[in-house]
Structure formats: structure tokens, C-alpha cells
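Input: a single structure, listed below in C-alpha cells.
We call the chains A, B and C, going by the order they appear; numbering starts again at 1 in every chain.
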Amino acid sequence: MILSSEKIAASAIVLLGIVGVTSASEVGLGRKVLVFPYETDFSFVALIPQKEMGLRAFTLCMRVATELEGERQIILFAYRTPDYDELNVWREKDGRVAFYLSGDGAFFHLPPITTFRTSLCLTWESRTGLAAFWVDGRRSTYQVYKPGHTIRPKGTVLLGQDADKHLGDLEALQSFVGEVTDLNMWDYVLPRRQIQALHYGHKITKGNIFDWATIEYQLNGNVMVVDDD
Amino acid sequence: MILSSEKIAASAIVLLGIVGVTSASEVGLGRKVLVFPYETDFSFVALIPQKEMGLRAFTLCMRVATELEGERQIILFAYRTPDYDELNVWREKDGRVAFYLSGDGAFFHLPPITTFRTSLCLTWESRTGLAAFWVDGRRSTYQVYKPGHTIRPKGTVLLGQDADKHLGDLEALQSFVGEVTDLNMWDYVLPRRQIQALHYGHKITKGNIFDWATIEYQLNGNVMVVDDD
Amino acid sequence: MILSSEKIAASAIVLLGIVGVTSASEVGLGRKVLVFPYETDFSFVALIPQKEMGLRAFTLCMRVATELEGERQIILFAYRTPDYDELNVWREKDGRVAFYLSGDGAFFHLPPITTFRTSLCLTWESRTGLAAFWVDGRRSTYQVYKPGHTIRPKGTVLLGQDADKHLGDLEALQSFVGEVTDLNMWDYVLPRRQIQALHYGHKITKGNIFDWATIEYQLNGNVMVVDDD
């Protein structure tokens, strides 16, 4: 995507705003759903982590639904530091779900993400490199991905848009359209029974990076906060 | 596949090593998973049976998951004596699952083997020739296959690779990539209710050829033993 | 299919034999499965009804599994009088399931009949013409088919083959390959809760035309009677 320098500048200001102006943040999304109703290049939600995201392991979970189909990338989660896409999760053009730790990604064949909610978790551990997606409590085949790698701290987490190579370079055709709820994140790998309990809506140890009930977030553009009903 | 005689020789030594050097074997995989993370022509696990595999009936069970898709053979289980592929189980190019008792195979239309674990059993009895796969406790249609046949003893069992025509002639494009756990084998046909109990993780009569909890095995190449979680 | 008159004659004798020589019949298939292992033009099972099949309503149930796929007709049940296919059930080339009462058929889009057993019932009532298939206890949409029609008595019921236009004209490419069990038939329409109970293996009113536990049958060609396990 080619952007005029003016547009880049404008977008960058918006994004810097998110990070800088914490007073505009809101707190807590328990029993709420984020609805991204349209394809845009300006709607996103910034999430402010409870602790720095210098990570050697993590579990990231969310419930997600989309009407989008066909040959189109969809950004599901983006964590970026100034120079790197530290942790990005995509639904790829070919339907696979992939995640990227600053570089080439790991691609998984999962059941399609549909108009019905999918409970999606992703676990990764630096020591072994073992990475897996969990769909409605069922684990995918492990892949060995970037053993020894460390995710860098002090970045920005976005839902709805990918803050591409330049912070603030947003692209409508990669944007997320649909619903996200119950996003939680831990700085370690949850055991199977906890991921399954989470899928079934039971209470488990609260996320120490993101806890949906008390999450700090900032809405931008056309995103709705709706009762989960 | 064309191999230089040097490579054949080298591979043969590796494989002979498995059978010969039992001191290098390890014992017991209870609550463990074998992860074959990459496509290779050198990663495999040799399994040492508790009793000779001269068989006129058997039940072979395992839980298996793979990311591999599309037009590619995948070896799931290989038992070979010097001159014969005694008992091979394949995911075929066209997606069917087949097994071979030294000769032409029996092909079954089963649900695809995916990134999520499939509980797969295979039963065969020489007297009637009745053969069936069991997927997550459900039996396929019976096929009549090689009634009267006897599987020969004193061979080598491999996971991850097919020890083709020449013992040690391995081929990356047939190799297994994914996970195997809970492999058990009996020298008789288990009744339906036991196969179903096994699928649901209940305890049943231990395999008298292979018992995953106490199985003797030898790792070769790039295979990981991971906690089942 | 073109048959020499000799072959027609020979086949006709076989079929006449079934009906004529009742002393060769066997009785009772409780906990047994009929396995049709190969595609043939000579393997079938004749079923002898408990009462004449002059019918103005019926419920026909069976459990059926097949490995056959693709563009091929499969006969599931054939009841023929000298001049008419009185009641035939087919898996059609396009995958639909159809039934015919001497003439054009009624076609239903059902889930595919696979290698795993499908519990299949068919109900029809002359008064209203209401016809439906029931798959694993779930009813298809009703179709109105031949209201006022009466099925003629004094015919022959076959599994495995369609006794085409001429009694005894069998065709391998329409033959059934797979398994049939628990075939029961009533001369009235069973209510939903009984069809569902049957699917779950509960005891209900015994079939007054066919009762699997006490059914009178005659095996022909390559058909196996196997313990249901």
C-alpha cells in the first residue's frame, strides 16, 4: 500500500495518541463484545497491557467471529515495537491461521473462522519453540517455531488493524470485521485443562497481561462495545 | 527415489543399529507425545515389540495429528521384515487411509486426519479377512482383506518413515510430520466397547505387543518427546 | 445392461429359487450384520416378509454403511412384483437418496451415507402422500408423493441387488457394497419418538413386516453374516 507522507503523518499522530494519552483509556470489558462492523482503515482498539510484554512464553486467547470469507487477510491481533511486528496473528488469504514473531510465520490448518464464535487460543514457549493453536479447546498439532526467541517489550497492541511497517500505516483490506470478546493473555503456557475450562466459560487464573474483565483499552474509529448477549 | 549406494549403506547401518543396540533404547511414553516437527528423510522412532509379531490377527491403535494436507503420502506405521512390508498404514495421496499386508492394500474412505488428534484403530483377523478402521470409536465398513494370511515375525517397526524396499531407504516426501501418542497393539481383535473405551481415555486391557506406558523405543533424528498437554 | 438370454434364464432360476425353496431360508439376524464385501452382479440377500406387502403406509428402517463414493447408483432396498418396482430405495448418482413406488421417484438431499453407519428410516402414507427420510433420528423435510397409491403384494424383497426390469437382471454397477443391519419394517408410520428410540438402540414395537431378530432370509453369492462388533 502506498500512502502519501501526509496520511502517514496523520495516522502516526493518531497512534502516538493512543500510547501517549492514557487518560483517554477506558477500563473493563467483562460481558462485553467489541464489534467491528465495517471494513475501514481507521477503526481499531488499542489494548494497554498490565505488564511489559518482553516474553519468552505466552498464552493468548479470544473469542472471535467474522463474516469475512475468501481470499483476504484478516488481522486478529497485532503487537508491534518500533521496528518489528513482535506478535501478529492473521487469518491468511488461503484460510490458514498464522502467527509471526518478527519474521516468517508459522502456518496452521484450522477449521475456518466463521460467523459463529470460535474460541481461539495460541500458546508458544521459547525454550522448546513448541507452538499450537487451540480451537474450542482442541489443540492443533504442535509446530516448532523460533526456539530461543524473545518477544520485545514496550510496543503497542492493536485489534482491528495491523500497524504495518510504519506505525500507523493501516490498510482496509487487512482490517478485521466481526466480533472479538474474552481476550485474555498470560506470560506463560496454560495447561490443556485450563484452556478447555476457559472455552467452556469457567473461571480460571486471570490473565496477567490482559484480563478482559479489567482490561485497559482505547477505542478508535468505528468500533462498538456491545453487551454479550 | 534414487539413492547412492553410500547413502543406502549409511542408512542401513543406522537401522541395523536400532535393532542391534538395545542398550540405547528408552522405555515408557505414558502421558508423552512424539512430535515429528519437520519433513525429513532421517527422523524416525523404532518400536521394540514385547513379543514376536507373527500375527494372524491384531488391533493397532494410536492418536495421530498432522498438518500435512494435499497430494502426499504419509506413513503412519511401518512393520517390515527383510523382504516384505508386513504391515504398513498410510494416509494416501487421495486422502484415503490404507493398510498393506505384504502386497496390494485395502483402502478406506475416512474423515480426514487433521491438525486435531484423531483416535485411529485398525483391526484385522486372518480367519475371516475382516478388516476395519475405527475413527474416534466409530467403525468403518468392514472390508474382506487377505483371509488366511499370516504376518511374519522378526521385523522392524518404525514410526515417521517407511523403510521401503531396502531397509534404510527413507524418503522425505513420505515421512510423517505431526504427532503420535497412545500407540498400543494387541495380537487379537478388540471388541467394539473396548475400542470405544480406549477412545474416551478409559483403562482397558494393556496391549500385549505395544503398551504405550511401558513401550521400548529408540529415537532417531529430529523427534521430540513432549508432555501430553 | 445387455444380458444373453442364457444368463437371464440362469439368474431367473436363482431368484425363483429363493422364493420357491423356503426350506433353504435361515431365520434371525439379531446382533448380526450383513457384509457385502465386493461389487458383484450375483450377491444378494432375499428377505421373506412376515405378511403380504400390499401396503398403504409403511416405515422401513435399517442401519447402513458403505465405502462407495462418487457417481454411482447404489441399491439400498428393492421390493419388486413381476411387472413393477414396487418400493425401491436408492442412493442416486448425485448423492441424493430416493425412493420409488412403481414410477418416478422422490428425491431427498440427505447427509452422505459413509463408511460409518447411518441409521436410515423411510416413512410414507398413502392417505396424505407424506414421505420423509429419517437420518440418525432426524426427519427430513416432508415431500408429498403418490397420495392414494397402493403398493402391490406378492413380490420379492432383495438387499444388495436391484432385480431390474426382468426379475433376475442384476447389474454390478448398481450393487450394494457395505453393511446392513437392524432392518425392520412396519405397515404403518411410526411416530417420531419411536424412530428416535430405535436410533438409540432402545426396544420398540417389533416390525410386523420385518423384524431383524427373527427375520427369514436367504443368502446368495458373496454375502457374510458377521457379529455386530
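Assume a residue touches a chain if its C-beta (ideal position, glycine included) is under 8 Å from a C-beta of that chain, and two chains touch if they have at least 3 such contacts.
As the structure is a computational prediction, the values presented were derived from the model and not from experiment.
Shared contact partners of chain B and chain C do not exist in this assembly.
Residue numbering shows that chain A and chain B use the same positions for less than half of their mutual interface.
The geometric centre of chain A is 39 Å away from that of chain B, both derived from CA atoms.
If each chain is reduced to the centroid of its CA atoms, chain A and chain C end up 55 Å from each other. For chain B, no residue reaches two or more other chains under the stated contact definition. Residues 108-110, 128, 130, 133, 135, 138-144, 191-192 of chain A are the ones touching chain B in the complex.
Chain B makes touch with chain A in their complex at residues 33, 35, 37-38, 65-67, 69, 114-117, 178-179, 224, 226, 229.
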